[in-house]
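Just so it is clear, A, B, C and D label the chains in written order, and each chain counts residues from 1 on its own.
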Amino acid sequence: MSISDDLYNSLNNERVFNIIAGPCAIESEEQINKEASFLNSMGIKFLRGGTFKARTAPESFQGLAADGVRMLSRVGNSFNMHTISEAQDTSQLEILVQHLDIIQVGARSMHNYALLEAIGRTDKPVILKRGFGSTVTEWINAANYIHRQGNSRIIMCERGIRTFSDSSRFTLDLAAVIRVRELTPWPVIVDPSHAAGIKNMVIPLAMASRAAGADGLMVEVHHDPENAMSDGAQSLNHNDFKTLIDRLNLINDNRQIY
Amino acid sequence: MSISDDLYNSLNNERVFNIIAGPCAIESEEQINKEASFLNSMGIKFLRGGTFKARTAPESFQGLAADGVRMLSRVGNSFNMHTISEAQDTSQLEILVQHLDIIQVGARSMHNYALLEAIGRTDKPVILKRGFGSTVTEWINAANYIHRQGNSRIIMCERGIRTFSDSSRFTLDLAAVIRVRELTPWPVIVDPSHAAGIKNMVIPLAMASRAAGADGLMVEVHHDPENAMSDGAQSLNHNDFKTLIDRLNLINDNRQIY
Amino acid sequence: MSISDDLYNSLNNERVFNIIAGPCAIESEEQINKEASFLNSMGIKFLRGGTFKARTAPESFQGLAADGVRMLSRVGNSFNMHTISEAQDTSQLEILVQHLDIIQVGARSMHNYALLEAIGRTDKPVILKRGFGSTVTEWINAANYIHRQGNSRIIMCERGIRTFSDSSRFTLDLAAVIRVRELTPWPVIVDPSHAAGIKNMVIPLAMASRAAGADGLMVEVHHDPENAMSDGAQSLNHNDFKTLIDRLNLINDNRQIY
Amino acid sequence: MSISDDLYNSLNNERVFNIIAGPCAIESEEQINKEASFLNSMGIKFLRGGTFKARTAPESFQGLAADGVRMLSRVGNSFNMHTISEAQDTSQLEILVQHLDIIQVGARSMHNYALLEAIGRTDKPVILKRGFGSTVTEWINAANYIHRQGNSRIIMCERGIRTFSDSSRFTLDLAAVIRVRELTPWPVIVDPSHAAGIKNMVIPLAMASRAAGADGLMVEVHHDPENAMSDGAQSLNHNDFKTLIDRLNLINDNRQIY
């Protein structure tokens, strides 16, 4: 079995509740080192960080790109953590595949079929986020674009949908987690940070996700959220993250967290 | 302190996770007796049952009305359970207040201000469901219609909102539960049955609700859902309900279930 | 044929595009007289005005109630205009039926089945607004609650639905107008004022409604919107209303406006 | 002034209501020739046809790709019509720019920032469709990705948003057309075909779009919709298209159609 299969199997393990954590954007090697050091001390094995960060508004911070990818790789290796970053275009795929362990497809790229097919031709595990305007049927169809090219190492990630509600930035659709776990062979994780939009909702939504049966979480963590270059409002600081893990351990579903 | 205050305080108790259960509609005294006997044996203290049941389609079963109210009252008394049913019009309020312990306002009546004000002039605890097209702001405003008339024994109930998602009948908005608990002094419970629309989602959504911090649940239970006169598809049978309680007990948040 | 049938037939006439206009709320006899005088001079035959005005927030202006109904009736009679106001509870129906020509059911009451059935037992034409969280199927079902009691003098009114869009207060669903005209025998009018939420969108949405085949409009008009006691932001002043009529006349669909 | 500027100016002309028409997918040179011949005879100057057609479901017809682009170019030239097709990935851009006059960005690519920037570095007019889960703010931000690279020849295209409504496939948001025309210097056209999802709604929604002030339309036309390889249900046949033009001419807004 390949390294990718080993990695995917560890993500698709019914006795484990996997946590993927890290900053929204990699800002410097010092910063990602700080986050990794902390997360590693907490037993976390999956380190995420944004590198190619085209944002909703073109004037926002756009990420460190290839430099960020290499920083993430170096830091991940030094802590023996698996690394994840997002591809937003086929042209970014080569460097991500060369240096990192898992490729992420963001919600805004869920319908980018050229990208899905290109990832389908690699052997890397892929985290496929649900488009915030997309149905479950469309989400599974997007996964099939990857699968048809030969790569079935797919992790589905629910991150909230667009609704009229004024309760949070997006509305977390936990019923979709339940449905996709019934309808597909793939694990389904939840990103409570983007759904919530604000920090104080991340922990209760993370708890709800585990309780609803999600296979894991992807959470934004920053050692100093108030000075983060992106998504500070929804990032947990290190103390918050400890609280998250403590709280998650209150759910006795016989799954180990790491 | 009044009986209503005692009752409300037992519903607004941080060390208890309250379960309100019973059939969508009361069909006969035999049936509601069967449900109550079972629920009582499980330690449940709140018995709900639909009596005035105007339904979305005018040709559906419309409930036993005043006869149903009296059946519910008799059966509740015999098991020493608190009773709850829904008022859909001011004209129904008198008999409900006379016989039952708690009045429910359904999602379709959340903007029925005459009804809200009339309930506000009683001393009964009231369960106010969120309209499925209503914002959190509007939901709290509706509660204030009751509160302004002098009745602040309010229990807020999230039951899912209308979205484009094909994952469930309504989309359960757990962020709204978190928000309303922050913004108001009132307990917030969740109705996973109406959100789900199908039985196999009720338990995971109930788990998620508890984990997100909801103060309790309202769940539809029927001894024979396949032959229920309404909402059979989303009702738990007695075995399912036992499973629900077992699963809820996996969340160690120091709250007792009853 | 009854007076009500004559009136309904004039509203259900393929060669006429009917305009119902007037203030959101009746504030005084002087005010409603001012609006009626103006509208009558423009050839408008249907005068609306809010009387029982329970609002989203309980501290807002709640209307002149029975006094407002009598003012509207007197002013309508003096200009020979047909009068319309909204019932929000069965208890308000008697006085409205006694004095006015047409009863309105608001979006927030679309699921108030007791009210629908009570109106169904009168012979008054009824304007049934679509609930902003309701499907077309549910809207037609609500109409059937009226129809089943013997009153089929129904006018359906689309007024926008809740969506995530930041373009207007509600999203006007013109496809629903087209569908309901196909599926039912009833005329379908549009309320562009509540959909828009701001004045400068009312005229283009009104134009779009006529062009899509709607049978008429209900529009909020106030001689001094900046000092209106409710919904000033979305009310047309008298000059705006003249512009509306001029613009509507650019659509040559062989229907006369009045 | 460049050819692209001339072309853009003809699309951004207040005295003209532009129609862009053609089949969802180019199926053969014979087919696109048939559509072009008909549309040209109707005075239409803009010929669209799908070439790179990655679809929601990976097993659907995926288009003729580069061959389709060349067919469209040849046929457009022979009738002296301007040609439009959609780019779904940066890798497709070169051949589209080489052969066609206008590049389209589809709703599912509205957040594909790499693609937007690459188009921003060409001088081609670009039709930017609104993502069906995107706000007006996000849509304008996406246009700014193009504009910042130096290309401001932008045509915005509303095509319906995701809502709960059962009236049509997507809900056409005409208020967004009005807002974007207020907030930006760019013309805004409407695609009623994708909003409607079924043929009999296309004409009334097209009428509504013109009446609301849209600058033009993009409409799917097929000589034999029942045998179309994609989107047959929402395509107008040639007779329907004639009816559309006749009906649009009923709106006397001093704009010439072509």
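As a working rule, contacts are C-beta pairs under 8 Å (C-beta built on N, C-alpha and C of every residue); 3 or more make two chains touch, one makes a residue touch a chain.
Because the structure is predicted, anything quoted here is derived from the model rather than measured.
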item: Remotest chain, chain C as reference, centres from CA atoms; value: A
item: Listed pair (A-B, A-C or B-D) duplicating the C-D contact set, over half by residue number; value: A-B
item: Rigid-body rotation angle, chain C and chain A, from Cα fit (steps of 5°); value: 180
item: Distance between the centres, which are taken as Cα means, of chain C and chain A, whole angstrom; value: 49
item: Chain centre separation in whole Å, for chain D relative to chain A (CA means); value: 35
item: In chain C, residues with contacts to at least two other chains; value: 133, 161-164
item: Sites on chain D touched by chain C in the complex; value: 133, 135-137, 161, 163-168, 171-176, 178-179, 182, 195-196, 200-201, 204-205, 207-213, 250-253
item: Chain A to chain D touching residues, read off their complex; value: 54-58, 88-92, 108-109, 111-115, 131-134, 138, 141, 144-145, 148, 161-162
item: Contact set on chain C toward chain A in their complex; value: 162-164
